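Accompanying notes for the structure given below.
Going by the order they are written in, the chains are A, B and C; count residues from 1 in each one.
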Amino acid sequence: MFTYAPAPESTAIVDLKPSYGLFVDGKFTDGSGAFKTINPATEEVLAEVALADEADVDRAVAAARKAFKKWSKMKGSERGKYLFRIARIIQERSRELAVLESLDNGKPIRESRDVDVPLVAAHFFYYAGWADKLSYAGFGPNPQPLGVAGQVIPWNFPLLMLAWKIAPALATGNTVVLKPAETTPLTALLFAEICQQADLPPGVVNIVTGAGATGAAIVNHPGVDKVAFTGSTEVGRLIARSVAGTRKKVTLELGGKAANIVFEDAALDQAVEGIVNGIFFNQGHVCCAGSRLLVQESVADQVLEALKRRMATLRVGDPLDKNTDIGAINSAEQLARITALAEIGSAEAERWSPPCELPSKGFWFAPTIFTGVTQAHRIAQEEVFGPVLSVLTFRTPAEAVEKANNTPYGLSAGIWTEKGSRILSMADKLRAGVVWANTFNKFDPTSPFGGYKESGYGREGGRHGLEGYLDV
Amino acid sequence: MTALLTSPSNATLRAFLHGLPGVDAVGLEQRAAGLSTRSIKTTAKAYALDLALRMVDLTTLEGADTPGKVRALCAKAMRPDPSDPDCPSTAAVCVYPSMVAVAHEELKGSGVHLASVATAFPAGQAPLNVKLDDTRAAVAAGADEIDMVISRGAFLAGDYLHVYEEVAAVKEACGDAHLKVILETGELATYDNIRRASWLAMMAGAHFIKTSTGKVSPAATLPTTLLMLEAVRDYRDATGTKIGVKPAGGIRTSKDAIKYLVTVNEIAGPDWLDPDWFRFGASTLLNDLLMQRHKLRTGHYSGPDYMTVD
Amino acid sequence: MSDRLAVLKTYKLYVGGKFPRSESGRTYRVQDSNVAKASRKDARDAVLAARAAVKGWAGATAYNRGQVLYRIAEMLEGRRDEFVALGSKPAEVDAAVDRWVWYAGWTDKIAQVVGGANPVAGPYFNLSAPEPTGVVAIVAPSSPLLGLVSVIAPAIATGNTVVVLAAEESPLAAVTLGEVMATSDLPGGVVNILTGSTAEVAPWLASHLDVNALDLTGVSDPALGVDLEIAAAQNLKRVLRPSTPDWAAEPGLNRLTSFLETKTVWHPKGS
């Protein structure tokens, strides 16, 4: 047997400190308390992180407000150079960032190394170039920044979501107060160090750590001009309510329950890869995950057989092993949620996972599919945010569209067919912000991302991503 | 032979081959690139190096080939690393038909197979009777494996029956010798064509499907080989018959060879991780495998001066 | 002075291309007329009509939508005097006609201005294009004709359908505009106009889960504005907050893009 020997990425490159402060006004400072962040693959404590309360958030907003005066007036070309500098340092320290991301998040090093961190650097490069070209962006001759942006990001792509938030905000002349997720604060704090290394003026970027209360303090702070949030639809609703009647401009990137539609004439091997990538990438902790497979009845058996065979080759385990495909679930809380929804699924439909041995410590969930699912089942309606795929069938293109759109969400969708005109007609009819045809889960700094309906509003990425940070 | 088609015509072959699922080039290449990132270390690497070595069809196909050159090659195939008695021999030696007798003499009793290219290799542009004579001559001289080329012109012109019948005829001419069918993927140009040619060759009776002659660029690539591994996997599912795969040309480093083995392992499955079912058509690859083996065995890097040049 | 007795107009709702009375049977007295006073059920019916019209209107070609909007301008031009008689200044009516013309021209251009190819770092075709948000509920401003046209036209130009709550104190122009639209090849249900109490009806539209966006431009009571925005959060409606724009100024793109979604389509490039 060709058994792959362990191939662990060394953690020596990461200099973990026992405790981390808040990054306010260019310096690391104490918070009002502290909390621990753990490695979800081992449940070991990685570090203690300062907890920001309302007063700490207030300090951060004040620092951002002070910095805004100079930063917004700085020549765009100079602002851009800071962002270019940051992008370069991210590239130089990419291995360190990737290892730290995998430690804190549980995602496979293969993904943090090959997807997350390269996209982070690319995002800063992209928006760096916009800083002195805003007059040409199609928003009028001299678009102005909004002021202080309060940004709250999730734990699934900690550093990438930071980049999606901070790069366009800074390029347009805003200053930011950003809160990383409670379970994944470490790369944001390393990013703060990178800001110091880049000599970014104090207060332009402030990182405050904490849980929901810290996030609420940012969102509700009267000194915040812009709120950008990525996370659950539930919290998105709370934010939309809490900014009612204010001047705050809001972008929300929320949940999804994407249909990945496979027609009988699809390139089946690539479709199977797309299904796997669609739902098992990043343990399924992806808002745009293709969590509902809609497969044409005439090929359903064939696709399922191929899918199961492919799933059996997925390697679940140590996130730092370079051969790991599926890492740890980010937290005990998330694992409990996935487990609970999967239990409901088991009562509704046929459940299958490939044989795989899960580590005894840490948070793990085997890649799972449910077959015989209908739109009426809860696992076809609710976002699981885990490596759990619901399989439904359809007979005609019209039925596929109807089922795909039968959800309050509208973030993404997938189409697999070798027929060009069908792709274009389906792409027209699917109510989703991103449609991947014959591919899935592709991201690029130039490509706008964001949802329809309850998946949120506003776009991140591309020229469109500037709009949320300008007074237009 | 085929259980899929009883009396094939151009029309039935076309209908069948064009009914196979399409191949999305970008998706296929990304899958191959993803498998390339597997990190094969320590014990896994040692296993892979020895396996790769045992899968090599050590090849010389030059106009300048002489009996002396071929004898040296045979010696190398049988004892790749004279300093290491545990070093396995290669799977086969692969030569032109004119050199088969020389090689046969050298390899007798060694367990190393003797492959010969035939059928007017590499272009295949000769009448069928010449190709069949070529094949019979190589088999008569002692070849137990025949590497034939398909008529790419006929394939590209849509004359699938011509290709099918030619493969079937050569197979008959092979007698007991195993037949490897070279698709010359670099000339078929599209992945859809490569999938169809793979099925056509398998249905016509190939024991192995092989990527390339080594005389056309690109020769073997990882995506092409992955696609052919999917074809043999699916063919076994459909018919119960297992077919081998041989990438040839351009695989020069151990690192590359290991990527191919990972691909075999994860696409066709471990059943194919055997010299009976997967081969590398290569020459310089062998020395790199030997150097890497040496490094694993001794803990330090070796150099070309310590590897025999044949 | 003719001794002929004038035929008075009954000011009714405009829903699904028809002019029904309020299902409640209620009217209110405003601008010296009896005007239908819409109920929550009328709001519900209007949303149903608007939703039913989405497929045809959003699916119509941009060219066709432009033709229809231009036709509205033509019809409005022919009924200038009627609006002047309802209290609009001639210049305002002219501006309202011209506004329809302006937006008629935008229908087949906005996608080119706000969409386009994205040069992604990989072998992919990648295109972003705007699509209508869906059903937009609009609380119309008190500028009874130009303001009204300025909020309806951009929303429907891009393929949305609308439910408009006319200005409570000056609804006559809105109903008459409905008559203009009913004779302009505009499919029924694309524009639905309710008259009545903003405070009573607007919350039903703001909280309706089959409404995709909410334009609060005409809300003058700040507390109501906040309540409506909060209600809209339930299904993450896109919200335009209350404002008092200068309707005479060139509108810019904001009202067009506020009710557009950007859809980005990826496809690999390989042979």
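By definition in this document, contacts are C-beta pairs under 8 Å (C-beta built on N, C-alpha and C of every residue); 3 or more make two chains touch, one makes a residue touch a chain.
Just so it is clear, the structure is predicted and the values come from calculations on it, not from any experiment.
Asker: Please identify the chain lying most centrally, where each chain is represented by the average of its Cα atoms.
Answerer: Central chain is A.
Asker: Report which of A-B and B-C is connected by more C-beta pairs in contact.
Answerer: A-B
Asker: So which chain is farthest from chain C, going by the mean of the CA atoms in each chain?
Answerer: Between chain C and every other chain, the largest centroid distance is to B.
Asker: Between chain A and chain C, what is the separation of their C-alpha centroids in Å?
Answerer: Roughly 36 Å, centre to centre.
Asker: Measure off the straight-line distance from the CA centroid of chain A to the CA centroid of chain B, and report it in whole Å.
Answerer: Their C-alpha centroids are separated by 44 Å.
Asker: If you average the CA atoms of chain B and of chain C, how many Å lie between those two points?
Answerer: 68
Asker: For chain C, give me the residues that contact two or more of the other chains.
Answerer: In chain C, the residues touching two or more other chains are 124, 268.
Asker: Which residues belonging to chain B are in contact with no fewer than two other chains?
Answerer: 24, 26-27 - these are the residues of chain B that touch more than one other chain.
Asker: Can you pull out the residues of chain A that are in contact with at least two other chains?
Answerer: 438-439
Asker: Which residues of chain C touch chain A in their complex?
Answerer: Where chain C meets chain A, its residues are 113-114, 118-122, 124, 126, 128, 133, 212, 222, 225-227, 229-230, 232-236, 238-239, 241, 252, 254, 261-268.
Asker: Give the list of chain B residues in touch with chain C in this complex.
Answerer: Result: residues 24-27, 29, 190 of chain B touch chain C.
Asker: Can you list the chain B residues touching chain A in their complex?
Answerer: 21-24, 26-28, 30-31, 37-45, 47-48, 51, 230, 261-262, 265-266, 270, 273
Asker: Considering the complex alone, what residue numbers of chain A touch chain C?
Answerer: Interface residues on chain A, with respect to chain C: 122, 138, 140, 233, 236-238, 240-241, 244-245, 252, 254, 408, 423, 427, 432-439, 442, 444, 446-450, 452-457, 459, 462, 464, 472.
Asker: State the interface residues of chain A toward chain B in the complex, per the touch definition above.
Answerer: 1-7, 110, 114, 265-270, 273-274, 313, 322-323, 418, 438-439
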